[in-house]
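Dropping the structures in below, format is C-alpha cells.
Paired with chain B in one complex and with chain C in the other, chain A is shared by the two complexes that follow.
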Partner chain A sequence: MNFRSERPLTHLIRFTFAAAIMLSLPVGLHAQDWFKTETSSGVSNIRLAVADFKGVSATDPQTLPLKHTFDTTLYNDLSNAGIFDLISKSMLPQASPGAPAEINLAQWGGAPASAAMVAFGAFGSSGGRITVNGFLFDAKNTQFPQVLAKQYNEQASDDMARQVAHRFADEIIFRLGGGVPGIAETKIYYVKIGGGNKEIWAMDYDGANQHAITHLGTVSISPRISPDNSRIAFSSLGRDGFQIRMYSLLLNRPVSFPSAGGTNLSPAWSPNGRDIAFSSSRSGDPEIWIADSNGGSVHRVTSFRGPDVSPVFNPKTGSQIAWISGRTGLPQLYIMDTDGSGVSRMTDGGYATSPSWSPNGQFIAFAWDRKYGPGAPGGQDIYVMEVATKRWIQLTHDIGRCDFPSWSPDGRHIVFANTPGGRSSSTRIVSMLADGTGRKTLTEAGADMPNWSWK
Partner chain B sequence: MNLSHANYRRAVAMLAVAAALSAVTGCHKKDKAVDPSSLGPMPAPPAAAPTATLSADPVAIDLGQSVVLNWRTQNATVVTIDGIGEVPSNGTQTVSPSSSTNFHLTAKGDGGTTEANVRVTVRVPVAPTNNGDSGDMGSEAAFHQNVQDVFFDYDSYDLRPDAQTSSQTAASYLNAHKAIKIVIGGYCDERGSAEYNLALGENRANSAKTALVNAGVPASRIRVISYGKEKQFCTEQNESCWQQNRRAQFSMDR
Partner chain C sequence: MAAETRWIQDEQSTGENLRGNLVGSLVLHVAIAGLIFGAAYISNRGHNWGENAATAGAIQATMVASLPLPPKQRELDNGVLTSESPSPAPVVAKEKTEPPPKPDEVAVPEKTKPVKQAPQPTPAPPKHPQPTPPQPTKAATGETAGIRIPQSTIELKNGTASAMVQDRTFGARFAYYVNIVNRTVAQNWYTQEADPRASVGKSVTVIFDINRDGTPANPRLGTGSGSPSLDQSAMRAIQRVEGFGPLPAGDRITVEYTFHYTQ
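Moving on to the complex of A and B:
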C-alpha cells in the first residue's frame, strides 16, 4: 500500500491545533462579533471524488433505491467530515467504475475533476442481501493507486444501506484524516418534547433514524450516554422531584439507580465509565457529587452556597471536572480536580452554562450570554474556550438562543440545541464543525439537549 | 369530544333502526309490487326525542372562582337552565355561584322533554380556629389565604422583604394546624438554561423552607421539589409573566 504520510499528518495537526491558532489571536478580537476561521489554518483539504457506485444485479428491483440511499449517504458522510473538498458530482467523469480494472484514473485526476483521491465501487443486491465492494484510489499514483479496498455483505434494507455507507465513509476518513476514527457510525441522544412530557430519544449522527428510547410519561432530561454505549444516565421528574435514572441499551429497559432526597440532575460519565458526577441537593444546597456507575460510594465534591450543576469530566484525563456554579451570582464556568481541589473560574462574567469538554482535553465548549440582563445586546451562543489560556472564540451568531453543546468523538464537530423562535417549543438540534461552519439542522422543532456518543 | 361522539353514535343507531324498518316494510310490499308514487304522501315519522348533556369545568371551586357550564342538545326547540333562563340549544356560560348549586337543564322538543343535571361544589372558607387544635387540617382555601406563594427577583433565591412577612404569617398558620404537611415547589422563568434553573428552583424552594423552619415549623413537615423551568404558570414572554414563574409555591402535601 502506498500511503503518503505527510498529508494525513498535516490534517491531524490542522484539526488538533486549528482552534488553538484561532484562539491565540489577540484578545482584542473579542470585541468583534464575527470572524471567519475556515481559511485561517493555511492547509487545504484533500480533493476527493466520490463516484456513484456501479449497480450490479440490476434485475433486482430493490437495487436501485438501495444504491441511491448508499450513494447519497456516502457522499453526505464524506462531505460532513470536514476534512475534504468534495468534488461536485457534475464535474465528475460520466462513469461508474465498479472495480479497479474499470477505472481510468487519468480521467479522474485530470481537469475538471482534478481529484486527489477517488472513492468508487460496486453495489448489488440479490436474495435479500446487499453486497458492496468499495475502493479508495490515489488518483496521482498511477503505479500503486489503491489505498483501501473493503467488502460488505449485509441484509438488504434501507437502514443497512445507510449503515454500510457509514462504515465505508468512516474507513476513508480514518485513512485520510490522520488516523482519527470518523463519526458516521456514532449516535446522538437527545430529549424529545411532546404532549407536556419529555422522553429520551436517539438518532444517527446525521439526524436519520430518530427513535424513542424511554416511554416514562414524565419529564426526562439531560441524557448522557456511557463511554461504552451500554447505558444512558439521565434525570427524571418523579413524586419526589428530579432523580438520576439509568437506562440499559443492552436490556432495553430502565435499570435501578438509587434515589436520594432533593433535586438530582445532570449526570456525567467519567471516561473509564466507572464514575458518574452529578448535581444533588440531598444535603440542602445543590452541589457536585460523584458516585460509581451503580450509585454506590457517593461523595460530595463541592461545598459552597449557590447552585452547582452540569459537571463534565475531562475525557482525556478523567482527573478534572468542568461545571457551572452560581456561587458569585450569575452562573459561571469553573474547573477543578475530581477531589474538589484546584478550583479555577474560567469565565469573567455574563451567564455561562452547559459545558462540554473536547475529547482531546484542550477545549471546553459551552453556552454563554456575555452581556446577560434585561435589554442587553446579543444573546446566548456557543463558545469554545482553550482550557490552558482561557481564550475563547464565539461559534454561533444571530441564530437565536443556543445551548447544550456536545463534542463529537473526533473533536471536529459540535452538536447543540438551537431555539430560533425564542420559544422553547421551537428548539431543535443543529450540528456544525468545531470552527462554527458547516451548520446542519438535524431535527424538527421539539428536540433539545443533544449528547454525542463517545464512539 | 365524548359528547359529540355519543351523539354521533346515537344518530347512527337511529339511522340503522330507520333503515331496518324500511327494509322490513319493503319486504311486505314486495309481494304486491305497488308503485310507490301511487301511495300518496307518507305519514310524518314520529319526532325524535330531544337529547341533552350538561357539564361543568371544574366541578368544584373555591368561593369567588368561576366555572364554565357547557351544554349540548339535539332535537329541542326550547332549552332552559334554571336560574339562567332560556339559552341556545348548544352553548357555554361562565357562572360564579356563591354556594354549591345543582344546575338543571330542560330541553323541550316535539318528541318530548329531556333533562340534564350537573352539580357544582363551592368550597366556602372556614375561618381558622385559634384554639390550637393540633389535629385540624384547616381548609384548602384557608391554607392558601395564609400560606401564600413567594416570588423572587431575577436569578435570585434570596427572600424579598415582603416574602419574609408572608413567611411569618404562613408559619403561624402552620404552627396552628400541626396536621398539615406541605410541599414547596421551586420554579424559574423560561429564560436561562434548564439544568441551572432546576438548581436555582431548588435554592428558591429551600429559601422558603428555611424561612418557615426559622419561624418554628418543623423541617419534617416540609417537602421540597424543584421544577426549574420544566413547569410554567404563565407562558407569555414578558416581565410580568416571568415574575409569575419565579416563585416558591406552597401546597398541602397529602
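Moving on to the complex of A and C:
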C-alpha cells in the first residue's frame, strides 16, 4: 500500500530530474566552449612553495623581526615575478626545514601543497651579522632534488635582510624563468611632489626604501637613470628655464651639463650610455637633439614644423628612437633611426604621450587618449604596441588618468603614474605585469614620472 | 517679333512652368544630397585602425602570449575558494531521535570457552654472541623511488609536447631544466599555425641544441609529420624562444622535441 502510493511520486521526481538535466545541458556545453576559447595554451606556471625559513639562533632578539622581513620579502618578490603559481602559506606543511636533510619532499610534493619546486632554508643572526642558507629543491625529483643552494652573510639590518631576500629571489627567478634576470634588486626613480617643489627620489622596485636623491629646491622632472646606474639625467627649472641636468650617484652631487637656450626636456639614455637624446626649443620649435653624455657634440635630429618631444632609444639596438611629434596636429607616436631618417608614424589618432621602449625592442608602451577632444568619452590609459605590426592592446581601464609608463628590465612589468581622482595632487606610482594584471600601488599620492632602472 | 512671341508663350504656360521649376528644384536638391552622401561615402569608406569599431584595430590574443609572461590559465570559477559568489549554505537536517530498541532485538552474546594452548618452547640462546646482520636501509618491496626517464610531456589544448634530452644522465640529474625547456617551447608553440585538417593525429620531432648560455641553436627536423604547416609551426616554436636559462652543467646539450597535434 505504502509502496504503491510512492510510485507516481518517484516517476514525477524522475521526470523533473530528467527535465532539469535537459535544461542544464546546453548551459553546460556552452560553459565548456567558453573555457576552450579562452585558454590560449594549456601550459600552466610552475607551482612554487616558499617555506618560512628556519630561525637557527633564536637567542638573538633581533632574529625574529629580521626573519619576518626576509620571509615576507622573499614571498612577495616571487609572487611579483609573474611567472609562478605561488602556493599560499596556509597550505604548506607545518615544519620549516632548514637544511636539505630536514626536508620531506613527499610532504611538499603531495596534496594539498602539490609543489613542483620548494624554496626553503635557514636564517640566523648573531654578532651583528645575518647568515642565510637558501635552497631550491625540485619536489618531483626524488633522486637529485637540488636545483640551487646559496649562502649569504651580511650585516644585520632590516634593509640588508630585504636585500638578501631580493638576491635569493632573483637567483630563483633567473633559474626558473628562462634565463631572464629577476628585477627584485632594481630601483625606480621618480619625482616627489611636495612643498611646491619637485625633487628626484628613488625606491626599491616594490616601493620600499623611498628616499630623496636631489635637494635642489626647484622643480625637477623626468628623471632617467643611466644604463650603468651611475648617473641620473633630468630636467630642472633654473634661471634659464628648463635645462637638462645631471646627478652622479657615485659622487652624490650634481655634475655639470652644459645648458642652452630654450626649454630642454625629457632626456633619454642610449643603451650604451654614451648618448643622450632630449627635446630642446633652442632653435625655436621643440625638436629632438642628441648629445653625448657630457653634453658635447650636440646635433639636431628632427626638423619639421610642430613640436617633437619625449624621445626614447630602442634599448635592444640603440639605433632607433621613438618619440612624440605634433607635426600633424595632435601629438602622435613616431619612430625613426637615430640619424633622423626612416620616420614612421605609429598611432593614427587620439593624443599619445610618453613612450617607453621594451627591453627586447619588440614593444612600445605609451599613454594614449584615443578619444581626445571636448566631450569625448576617452581617458588617458597605458597601451602597448608591437612595433613590427603596429598592433596594440590596452592595459589599464577605468582607473583614472595614467601616464609615464616605464618598462622593467625583464620586460615583464610596467610602472606608471596613475591619477585616480583626476586631481594632479593625487598622482601616485603603480606597477603592473606587462599584460595589465597584478596591479600594485607602490607609493602614496604625490609621486610622478617613474623610471625603472636598467638592471 | 520673336521677343513678342516668346513673351506670349511664357504668359500662356505659367502654370506648367511652375511645375517644371518645382521638379527641377527637387531633382537639383536630390542630386546635391546624393553628391554629399556620395562624397562622404567615397572619402570615408572603411575604418582606420584605432577607431572604435569591431573590425578596426583588432589585435590577436597571441600578442600577450608573446610578452615574456607565461599565459594565464583560466581557472574554473565554481570552486568554493576561487569563486566570488557565496556557496550555498549546507542543508540543516532535522535531528531525529532513534527509537529505543525492543528488548528482544538486542542479541545476548553467548559465552565461549577460551581454547587453551600449550606454551611454545623457546629456543635456547646460542653460547657465543652472534654478529647482527646489517639492517636494510631501504624497503625490500613496496615504495621505491620511481625510475626517472629524461623526458617530460605537457598536455596542451590541442596536442601534447614532449621533450627528450639525449644525454640521459643530464635528464635525470637536471629534470627541472628539461621541464623548463618543455614549458618554454610549449608556450611558444602556436597550434593555430598548423592546418588542423592535415595535422590531426600527427607528430613532428624537432632536434635542437642548447648552448651553454641557454640559447637554442641549430633547430632541425628529426621526423617530419607529413603536414608542412605542422612542421613549420614546430620549427617556429623553437625559433621564437630567446633562451632557456644557462645550462646547469656542460657546454651544449641536444634536445629532441616532439610536438603531437590532436584535435
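We adopt the following convention: the second predicted complex is superposed on the first by the 413 of 455 C-alpha atoms of A that agree within 3 Å, B and C clash if a C-alpha of one lies under 4 Å from a C-alpha of the other, contacts with A are read in each partner's own complex, and residues count from 1 in each chain.
Everything below uses one rule, namely that contacts are C-beta pairs under 8 Å (C-beta built on N, C-alpha and C of every residue); 3 or more make two chains touch, one makes a residue touch a chain.
Just so we're clear, the structure is a prediction, and the values are computed from it rather than from any experiment.
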Fit or clash between chain C and chain B when superposed on chain A: fit
What is the contact status of A:Asp285 with respect to chain B (first) and chain C (second): first, second, both, or neither? first
Does the superposition put A:Pro61 against chain B (first), chain C (second), both, or neither? neither
With the two structures laid over each other on chain A, which partner does A:Asp240 touch: chain B (first), chain C (second), both, or neither? first
Check the residue A:Gly411 against both partner chains and state whether it touches chain B (first), chain C (second), both, or neither. second
Looking at the overlay, what does A:Arg370 touch: chain B (first), chain C (second), both, or neither? second
In this superposed model, does chain C or chain B come into contact with more residues of chain A? C
Scan A:Gly177 for contacts with chain B and chain C and give back first, second, both or neither. second
So after superposition, what is the minimum Cα distance from chain B to chain C, given in Å? 19
Residues on chain A lying within both footprints (that of chain B and that of chain C): none
Which of the residues in chain A end up touching chain B in this complex? 198, 219, 221-222, 237, 240-242, 262-263, 265-266, 279, 281, 284-286, 306-310, 324, 326, 329-331, 351, 353-354, 367, 374, 380, 403-404, 422-424, 448-449
Footprint of chain A on chain B - complex, ascending: 154-155, 190, 192-196, 198-203, 206, 223-227, 229-230, 237, 239
Under the definition above, what is the set of chain A residues touching chain C in their complex? 35-36, 38-46, 82-83, 116-117, 138, 140-144, 147, 174-180, 347-350, 360, 362-363, 370-371, 384, 386, 390-393, 410-412, 433-435, 437
Quick check: in the complex, which residue numbers of chain C touch chain A? 48-52, 57, 59-74, 76, 145-146, 148, 154-157, 172-176, 179-180, 183-184, 186-187, 189, 191, 213-214, 241-246, 248
